[in-house]
Amino acid sequence: MRTKLLAFTTAGVVLFVAGVVPALAHHAFGGEFDPDRPLLLKGKVVKVEWVNPHAWIHLEVLKPDGTKEEWMVEGGSPNSLLRHGVTRDSLPVGTEIVVDGYQARDHSLLRANGRNITYPDGRKLLLGSSAPAAENDRDPVNPKK
Amino acid sequence: MRALRNSQATIPHTIKTVAVALLLGVAVIPAGAQAQAYRAPRVAGGKPDLNGIWQALNEANYDIETHEARPALALRPGPYGAVPAAPLLALGAVGAVPPGLGVVEGGVLPYKPEALAKKKQNQENWLTSDPEIKCYLPGVPRATYMPYPFQILESASAITFVYEYAGAVRNVFLKDPGPAPVDSWMGQSVGHWEGETLVVDVKGFNDQSWFDRAGNFHSEALHVIERYTRASPDVISYEATIEDPQVFSHSWKMTMPLYRRQEKNAQLLDFKCVEFVEELLYGQWRKKPLSRQ
Amino acid sequence: MASNPWLWFAVVAEVTTVSACLTPVPAAGQVAKASLKPTAPRRLADGHPDLEGTYDLATLTPLERPRGAKAVLTPEEAAALEKAAAGRRDKANEAISGDRSAPPKGGDGSSGPAGGVGGYNYFWLDPGSRYNVVGGEIRSSIVVDPPDGRVPPYQSAARERLASLRARPTSDAQESRDPGLEPPGSYDDPERRPLGERCLLGFGSTSGPPALPDYFYNNLHQIVQTPEAIMILTEMVHDARIVRIGDEHLPKTIRRWMGDSVGHWEGDTLVVDTTNFNDQTRFRGSTKNLHVVERFSRVDDKTLLYRFTIEDPDTWDRPWTGEYTWPATDQPIYEYACHEANYALGDILRGARTREAEPAARTGK
């Protein structure tokens, strides 16, 4: 009995994690960005498009030859962030950020996915003022009012 | 069905009102700033009932200012006056602009000089610049007078506007949530009642939408105050005050009646329109592009 | 687990069925506690229960039960899994090196949705943190009938239809995979892309019907209720479904993206009947003959129960049913204007044309 319970618990973690994958219907990252074009961008935010379906963060990157390039970095939907207290002022123009990701498949575009978007010290961006568990906080068995 | 129900509801209520007034020796004075004799039936909660399918019936979406008919929405010089721009030629009279008495009080918009230049530029570049062409959300107040019906759903605790055009939606907050965290196409609407009138205060717009197909535009500073008042069983009297200090030298007002769709089975249908513009926006990137001529 | 949550998704995506040494335990023995004491639902002036509110459908409970799993979890099991999910979230939000290098050429190992390029950070997501509770039971799936908690198999005609080259993605289509793994022609035209990518409907049948959780983000729905019409607004993609109470369906010649919904009350339950789907929505591969019956009722002051039955004799040999609860939220729905800034769709098509023009640069797959 005990063995079986343990077997469930161990396997159960994987089982239910598997169950969570489902219709994660989202667009084709592999179609939009090129796995053969990895990059690391460091620069200042010049514009943030708080739009759907994807927010786009524009940053100005200083190239080794001294010229500047403006890149667009794709993020997720801003709406959940807005519910966590993020506003248009949360990522001010001039903020230094570091982005690793891959360039758009159409190489004429200075666009990349924001695989990791951090501050220069490595902290993830836009974690908001409140803890991520601002979502539904009910105890399933003893719901609080 | 719905029209009947509303007028049936009015009669007993009016009788009660008059009876009470007579008992109290008070004259029955209609509420509302204008001489509105009509008192709308109420929703639960006691506010005037704006529920229904409504539609504007005017030429405002072509041009909100007073205007004569024009050959087309995009023009080029002809030997005896403007003629349609080449891409619109095949539409013939279907592409012409009907005349309009205008919905702007005073007839003419109070543009600042540099903004007027931008409006003219918008108008000249209509085909590439009007957001309606790309089926973008219409913004406010343009959503009100697009030539498609819209529905108001009003309960005791919520008011939502659903527009057939592009499936645009506006939730009206009845408690002010504070400044909008980011800009949006339809703005952030906060509503309250003043007697018979629903007053909706809208801010938090982006600068992308237009007021019409004539290039009239705004900035992100746009602030719209709408007033919806039932004028009769089947008419809402609509007024919108527009403030945008970046574009206009002073605020201005537009007014128009909104008519209840009378068909027994009146309802909103699908006009997402997004799928209709995919060829326009993405056709060049098909594997086998069609001719663009 | 790596800080990049997409690697987690990748591992999980590889796990199809996991056999577990489980003894199926009868549901009765697994009911966690006695059901909540029923409270009288608050009512509107017309006497019907008040279903209004904004609801957050996010949950860890999947649509289908993993094979061999029990229908109901114990509180301890759920707590352990929820804690693990929270742990993955916290790990994903951890700081990384500011001095890091670019990710590996050839992809970072993520597959499925992340397509080898890693997607984006967890801080954008809101996938739900709790398992769903119905009648005091912590559910392992939304599907409750068939009793194994899984969608019935397709009829053979449906299988053929779906396998054909002409078949286009469904409204709840799985995200696209790497270009080399998708059916040929998947990037030829915008019309071949999933409806969510085209901004025609939200991902994952979030609007439905049936309305399902989107296990990514933007799960908020709002109900506004009037005697003649009830609106269900889905945040993504600002879809407002208006249910006409006591009305008849549209003529068969009018088909709609979310079908045509008419409703009536059965006691304290709102029953919504939806037909007249167009032939593009194709929820889970179904046809325009899809018929969905939904039942909304109020469980308590903060919770609705949502139950749906799916029928399409051209797709499944039998109807199937799911249910889950919708907890209220005090958070607002924000505008989800999608098409207006849909850079991605254009970039995806351009990317495909670039790949075709530069075959030497294509990663071998």
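As written, the chain order gives the labels A, B and C, with residue 1 at the start of each chain.
As a working rule, a contact is a pair of C-beta atoms (placed from the backbone, for glycine too) under 8 Å apart; a residue touches a chain by one contact, two chains touch by 3 or more.
All of these numbers come straight from a predicted model, not from anything done at the bench.
Participant: Skim through the chains and flag the pair connected by the most C-beta pairs in contact.
Facilitator: Summing C-beta contacts for every pairing gives the maximum at A-C.
Participant: Which chain lies the greatest distance away from chain A when centres are computed from Cα atoms alone?
Facilitator: B
Participant: Calculate how many whole Å lie between the centre of chain A and the centre of chain B, each centre taken as the average of the chain's C-alpha atoms.
Facilitator: 37
Participant: How many Å are there between the centre of chain A and the centre of chain C, using C-alpha atoms for each centre?
Facilitator: Centre separation, chain A to chain C: 20 Å.
Participant: If you average the CA atoms of chain B and of chain C, how far apart do the two points sit, in angstrom?
Facilitator: Going by mean C-alpha positions, chain B sits 34 Å from chain C.
Participant: What are the residue numbers in chain C that touch two or more other chains?
Facilitator: 187, 199, 332, 334-335, 337, 340, 345, 350, 352-353
Participant: Residues of chain A touching 2+ other chains?
Facilitator: If we look for residues of chain A contacting two or more partner chains, we find 78, 82.
Participant: Mark out which residues of chain B touch at least two other chains, giving numbers and ranges.
Facilitator: 181-182
Participant: With touch defined as at the start, can you tell me which chain A residues reach chain B in the complex?
Facilitator: Residues 50, 78, 82, 86-88.
Participant: Within the complex, which stretch of chain B touches chain C?
Facilitator: Residue list for chain B touching chain C: 2, 43-45, 51, 131, 135-137, 151, 153-160, 162, 167-169, 171, 173, 177, 181-182, 184-186, 208, 265, 267-270, 272, 274-275, 278, 281-282, 285-288.
Participant: Considering the complex alone, what residue numbers of chain A touch chain C?
Facilitator: 4, 7-9, 11-40, 49, 51-56, 72, 74-83, 98, 100-102, 104-107, 109, 111, 113-128, 132-136, 138, 140-141, 143, 145
Participant: Could you please specify the touching residues of chain C with respect to chain B in the complex?
Facilitator: So the residues of chain C touching chain B come out as 44-46, 52, 185, 187-191, 198-200, 222, 224-226, 228-229, 231, 233, 238-240, 242, 244, 247, 254, 256-257, 332-335, 337, 339-340, 345-346, 349-350, 352-353, 356.
Participant: What does chain B use to touch chain A in their complex?
Facilitator: It is residues 181-183 of chain B that touch chain A.
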